[in-house]
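The first chain written gets the first letter, and so on, giving A, B, C, D, E and F; residue counts start at 1 in each chain.
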Amino acid sequence: MKHKTAVYRREHFNAAHRLFNPALSADENAALFGKCSYPNYHGHNYEVVLKVVGEINPVTGFVVDTKHLSDLMKEHVLEKFDHRNLNLDTNEFKTLIPTAENIAMVIHQLISPHLAPNLDLTVILYETERNYVEYPA
Amino acid sequence: MKHKTAVYRREHFNAAHRLFNPALSADENAALFGKCSYPNYHGHNYEVVLKVVGEINPVTGFVVDTKHLSDLMKEHVLEKFDHRNLNLDTNEFKTLIPTAENIAMVIHQLISPHLAPNLDLTVILYETERNYVEYPA
Amino acid sequence: MKHKTAVYRREHFNAAHRLFNPALSADENAALFGKCSYPNYHGHNYEVVLKVVGEINPVTGFVVDTKHLSDLMKEHVLEKFDHRNLNLDTNEFKTLIPTAENIAMVIHQLISPHLAPNLDLTVILYETERNYVEYPA
Amino acid sequence: MKHKTAVYRREHFNAAHRLFNPALSADENAALFGKCSYPNYHGHNYEVVLKVVGEINPVTGFVVDTKHLSDLMKEHVLEKFDHRNLNLDTNEFKTLIPTAENIAMVIHQLISPHLAPNLDLTVILYETERNYVEYPA
Amino acid sequence: MKHKTAVYRREHFNAAHRLFNPALSADENAALFGKCSYPNYHGHNYEVVLKVVGEINPVTGFVVDTKHLSDLMKEHVLEKFDHRNLNLDTNEFKTLIPTAENIAMVIHQLISPHLAPNLDLTVILYETERNYVEYPA
Amino acid sequence: MKHKTAVYRREHFNAAHRLFNPALSADENAALFGKCSYPNYHGHNYEVVLKVVGEINPVTGFVVDTKHLSDLMKEHVLEKFDHRNLNLDTNEFKTLIPTAENIAMVIHQLISPHLAPNLDLTVILYETERNYVEYPA
């Protein structure tokens, strides 16, 4: 029996963001998000790991070339998000709060259409060394 | 279909411990645990990661606020274990050997009652950079 | 109900390798593997993590002693691969391309026969901080 | 002869910033600072290390208590910079470009008046894992 | 002109300790050392870096073989301190408070007599990722 | 008084090498270099840090743009060494043993002519997480 194998590729981008739900009052936003909702934004060094599961191709010894994963990230994610303000500069977070959970989900939506259908994608996003998320789980 | 998402929060504490089973002889303890059973204790910088799986709340963009996970760890785990001798200062390890496996299981028991029932908890415990465990697996 | 627990042990080795498929032309190899196929080899600091899942033994508090995992790695993997050229010095990669995926699969084959049958092994292999794999996934 | 000893304490904050010199044209700013000058800010997880050199106090065994260094950072630096926009929310960077070099120099100015005169302070600031500075050098 | 070169070798040990000055009252110890003075000890994963400065030997290309530094650490430091209680199990800390500063100074005293006289030793000791020291500075 | 400031830029490359002095016998090489002298090479993920000391330019807030340091590394070092066999593929190590000490010295020689004369360069080279060097010291 052939087992599946996972390949991981780590990339990073630096961005500003703010957690704020316009449907809620200022007090409700402050209660929910604390200093993460300060009006003038703060930022992070985001680390993104793509995890891709599939079978090893006997010709290449690869499940998928990590260079290809890196290229997909550059074209579909870093070009949009790196050195940007996620709330102001991106379409994806015009109406979606840029929490780590939502950023991981959006990166999944941006990358998965470009992977071969026999490959499964998971996105792991580090907002800080101590706070990170994985989508889907 | 809505996928579930995992949120991870890393905390740390410093503690002394010793691996020793009082039901066994001194020789058996030495054979099983080697220098980990030296009588006067040694210690570690423990890193604990809580992994919580659930659905993203559309109002907050969170599965669970990592600040809440941090507060739960402070109240229910760090208050008891940080800068303590696990064998001498805690009820949990009066009759349970404080291996990494058992410490992770105990932290799971201390934290999970305080999480909403639709959330699933896994505890990852690093005893050193090279030795770590995950409960449940 | 008793949950299973995972124990992780990290080891490392330094080796040279080259990605090259002798069934393909020089141009095809260059197109597939780029600078990873340069003829005189390059190398990596490989980090290997063994993940072993099983039940906690109540006598020891261990699923498996990490010292035992370390000894298995030394005897069955590091002795063969550390400070070696994977393509030239090992039987395992005489006819198998030493990609991270294949190295992880080979380490799984070398270690798993030596584990108790009620334990499940996964191998995680870091080729660099940014490229790593997991077998099986 | 008694040698001096250095004590290091690491803290972190998350902030937004933008590199921009108002005395220069838009083109000159773009040429100098590239994507670091994008108008809507980006951000970083800044890691700050205070290095304090002095003699070991025989009563305490400390050069300086790292808890005291942590408290000084919280009161004089993190309170001002954490989760803030350095360009918009701080007096220090109203007329000074918030490069890593200048942030380290400003932190030095904010902390050094609060240290005993026989202690020497150096500030190490990590903007990313790959870009960092030290003041004074 | 030939410049000098520094060689660094990192080792680690796990130990228990407690900060306590027997010349002071219980209240004074609590005020000075807080939870670091709890009576039953806590512990750390200590990381020790030896920095050795000298000239490159043209025959070997080494200032000093890192294997030799590792052997010196094993024989003169790890044998004494690893998996031990620094306060109870060592002569060095019978009358000296085992702060990071003092541990670094003691390691310097234990290692430097075994280095060639044309080599200069500095010891860097990490008590945690956030608290570390360097002796001499 | 204006203090000087240090700027650090970290890059990496992967290479194969072997420690071997052709002026010595096979036995002498084995005694000196152990498994590092195995005939078919091994390799490392080398991390290189350039440390550049100078004054902060008030127009840019930079001592030197880390992008410039990165470009210098790509052109003068990575182009030559990345994914190469240091012994076989480079002129620099045709007659010089590629120890970490010598690699750092060579990188210093390759980069320093391209820096402004008022800047001082130090090269820090990590061969592994536990073995690294600094030139000059």
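Some observations on this one:
Throughout what follows, a residue touches a chain if its C-beta (ideal position, glycine included) is under 8 Å from a C-beta of that chain, and two chains touch if they have at least 3 such contacts.
Predicted, not measured: the structure shown is a model, and the values here were computed from it.
Traced through touching neighbours, the fewest hops from chain B to chain E number 1. Distance between chain A and chain E, defined via averaged C-alpha coordinates, is recorded as 41 Å.
Each chain gets one centre point, the mean of its Cα atoms, and the points for chain D and chain E are 28 Å apart.
For chain B, the set of residues touching two or more other chains reads 129. Taken as a graph of touching chains, this assembly has some other topology, since it is neither a line, a ring, a star nor fully connected. Chains that are in contact with each other form these pairs: A-B, A-C, A-D, B-C, B-E, C-F, D-E, D-F, E-F. Listing the residues of chain F that touch chain E in their complex gives 19, 21, 23-24, 32-34, 96-102, 104-105, 129-137. Within the complex formed with chain C, the chain A residues making contact are 3-11, 53, 56, 59-63, 65-67. Looking at the complex, you find that chain D touches chain A at residues 12, 14-17, 35-36, 38, 40-45, 82-85, 88-89, 128-129.
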